[in-house]
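The two complexes that follow have chain A in common; it is paired with chain B in the first and with chain C in the second.
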Partner chain A sequence: MKFDFAFAMEIFPQVLQGIGNTILVAIASFIGASVLGFIWEILRRSSRFVRPVAQLWIDAIRSTPVLVQLYFLFFVLPHYGIVLPAMLTGVLGISVYFSGYIAEVFKAGIDAIPRGQSEAASSLGLSRPDTIGYIIMPQMLRNIAAPLGAYSVSILKSTPYLAVLAVPEMLGSAFDVASETYRYAEPMVVAGILFLALAMIGVALVTRLERRLGLTPAKDL
Partner chain B sequence: MSFVDILRGIFEGFDVTLIVTLLGLAYAIPFALVAGVLQHFSQGWLRLLVTILIEFWRSSPLIVLLYAFYYSLPAFGIYLSGIAVGAMVLGLNIGGYGSQSIRAALQALDRGQVEAGLALGLGRLDVLRLIELPQAITVMIPTFINLAIQLIKGTALVSLLTLTDMTFRAKEISQLSYDPVRIYSSLLLAYFIVCYPVTIFGRYLERRASEGRRSISEI
Partner chain C sequence: MTPIHELSVHNNAQDTMQAPAIQIENLSKWYESFRALTDVNLTIAYGERIVICGPSGSGKSTLIRCINQLEVHQKGRLVVNGVTLVPGMKGLSAIRRDVGMVFQHFNLFPHLTVLDNCTLALRRVRKLDRREAEAVAHANLERVRIPEQADKYPSQLSGGQQQRVAIARALCMKPKVMLFDEPTSALDPEMINEVLDVMTLLAQDGMTMVCVTHEMGFARKVADRIVFMDQGQIVEQAPPSEFFTNPKHERAKLFLKQILH
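Moving on, here comes the complex of A and B:
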């Protein structure tokens, strides 16, 4: 079967239909991953008994494939009576996977703040919560903005994994077209082009945001 | 089936996981090196061309690349096995990331290094080979280890092309006996057993490299 460009153009709108869910999943997963990653990092900094457990947990998340994590949630949660919609399972899986990396972003962001900052705050009489809220957090946010931006694009690029759970995102719509027409080459290539374009837009938006915040672009992730 | 039986069954797929990883590295390392160096050196249209190539492999989602190449290559008359397509796509994707670390490492070098090399009468290529690359590669070894882990994890995707790697074995076992908790826990454990030692090794190298840098600056 030869590659049919006219057919590829024809199915373009059908594949594009999934873009809403792709963006939705990406945004939800980014929020989920940031929240979980922050929690892991707080646990890692809590007590010296929790610390090694949190470290091992973060390492375990980072040492296993996101695809396998998704399978695990998808097949194991229902076994314990937790039946979630496939999309929610997918968002949870991507959130967990990237939380392992984002925990490191928070770690680096907090480590980069000189110790003198919190010492100065306490010598000025600020309470611990005030020190965290007014001194540490604002500086940390500045440090983490660029790497978080880079991870947001990585998360966007991981959303097509949800197609294996039959979530109707963009790769999923491409598979729908393929199974209706028995042609796989064209829908997959169209999906590839659309995802590449989406990722490029994502990178451009992140770069613009960084420039507006006056940050240097993040190192490659 | 017991936990050990399941784990043993999953590791029957380890050879495919390993082969795809090694073949993937065989694509990733040369691609990263050549593309990274070319992007650093070239100008004008050549640089644009290299950048487009890198961005294509790096910015497309891995799973989409895999499906697109697996299904569309035959439509262009190119027939490759699942292993060949899987290794190529995984390798070039990781290589795209690697090229950026090589370029960054080359750009981070002090310009004086090159100037000193040229002043000593070395050709530009010799300066690259003898002075710039050795330093750049030392700096990027920890990054490289991380990318290798990404590659190992990425091989789970070839199970979607029905190659019998560890993930595919787990799916086969789950068709024989309904026991998702044990099977998918074992599968997570199997990848952890493979990847975690590499993580620890990478951390050791990173620590050693930073100690080395410190002792050099003390001198």
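Moving on, here comes the complex of A and C:
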């Protein structure tokens, strides 16, 4: 089968239909994964008793395939009376899966801050919350900007998993076209190009954010 | 928060004349099973300048870090500015704001300008408004002879300048006691004097100072007392004239021979 450029152009709008959901799922999952990852990391840094539990939880999340987690949420939760819309289940699944990795990003971002920073803050009499808010967080954000940006692309690329939950997104739209026309090359290439474009836009946005964090002093106390 | 702080200030005002700034009795500190300090006794009066020296690993840093509880001791009595420090106690912030500390590696906040490094604690801890805080900061940057760098970031300054900013940052809080942990050992030789000069000025202003340093010229000139430590203990204390010319302890003799070549 020859690649038909005209056909690809023709189906472009149809594949594009899924892009809204793809972006929505990617952004929601990125936020979800960051918030959850931050919570796991805080728990891991809290009391001696919580730490091993948090560590086990983070390891467990990272050691199970995302598809297993998605199927679990989608098929098992309803048995216990928890019925979520497919899209929300998908966002939850991807958020939880990536939160395990993003917790590690936060960990590395905090570990990279020399101990002397919080010691200097303590020696000035700054409270723990002020030390976290004015000293640790701003430096951590700089440290995590780059790896977090990389995970935002990974999250974007994992949105097609939602096809298994029948959530209409870009890969799903491409499959719809394929099953209607029996042509696979064009819809897949179009979907691939759209993902590439989204990823590049995402990277550009993250780079801009990074640059701003790098240059903008924390002027407002 | 505030009442505790005011209470301690009030006590100090009453007792400043009689009570020592720092009183250390039988202080012991372990890292896991390793004993870093063994029954240390040391009393420091207000206005006194103490230089602590001794071989690497003798517990100098551990001792002065106990004074502001960056390290927690396990045994003994420790009274700072009239407050008895109990291991694991709450309200350390109220004690630390009156005890300035200067670190070997400066520990300036790299994401804040020199000015913001100085004003952060003034605003968050002393609750000054921006204008008041900046006035205090400028005055202290003047004091360490670096007023023109206020809007720069630490990374734009030389090591000596950074350390002087660190001193100014500590001074902004108007501490009753200043602790220095090898403030010049991370500096290139040509920058050591600018920092020592600032410290000498401070001493002349009557600041109570506890300095861990191997700058024996500074010690001779400024110190009221040299405290020599070895293996977690204070083995000798004497005025510089006596310590340098006639050290009693074998370890001190050896140490002086090594350090003065």
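Please note the rule applied: the second predicted complex is superposed on the first by the 199 of 221 C-alpha atoms of A that agree within 3 Å, B and C clash if a C-alpha of one lies under 4 Å from a C-alpha of the other, contacts with A are read in each partner's own complex, and residues count from 1 in each chain.
Here is the rule we use: contacts are C-beta pairs under 8 Å (C-beta built on N, C-alpha and C of every residue); 3 or more make two chains touch, one makes a residue touch a chain.
Owing to the predicted nature of the structure, the values given are computational and were not obtained by experimental measurement.
Superposition model on chain A: chain B and chain C are shown accommodated side by side without a clash. Rounded to the nearest 10, the angle at the Cα centre of chain A between chain B and chain C in the chain-A superposition is 100°.
Within the superposed three-chain model, A:L43 lies out of touch with both chain B and chain C [touch as defined at top]. Using the contact criterion defined above for the overlaid structures, shared-chain residue A:P138 touches chain C, although it does not reach chain B. Of the two partner chains placed by superposition, A:L16 touches none, neither chain B nor chain C. The wider contact with chain A, measured as residues touched, comes from B rather than the other of chain B and chain C. Applying the stated contact rule after C-alpha superposition, one finds that A:I27 touches neither chain B nor chain C. Of the two partner chains placed by superposition, A:A108 touches none, neither chain B nor chain C.
By the touch criterion defined above, A:A86 lies against neither chain B nor chain C after alignment on the C-alpha atoms of chain A. With chain A used as the common frame, chain B approaches chain C to a shortest CA-CA distance of 18 Å.
Comparing the two complexes, residues 219 of chain A contact chain B in one case and chain C in the other. The touching residues of chain A, counted against chain B in their complex, run 1-3, 59-60, 62-69, 71-72, 75-76, 79, 157-161, 163-164, 171, 174, 178, 184-186, 188-189, 191-192, 195-196, 199-200, 203, 219-220.
The touching residues of chain A, counted against chain C in their complex, run 114, 116-117, 119-127, 130, 134-135, 138-139, 142, 217-219, 221.
Chain C meets chain A in the complex at residues 68, 70, 92-101, 103, 105, 107-113, 116, 119-121, 123-125, 130, 153, 166, 169-170, 173. Those residues of chain B that touch chain A in the shared complex are 55-56, 59-65, 67-68, 70-72, 74-76, 97, 100-101, 104, 149, 153-157, 159-160, 167, 170, 174, 180-181, 184-185, 187-188, 191-192, 195-196, 199.
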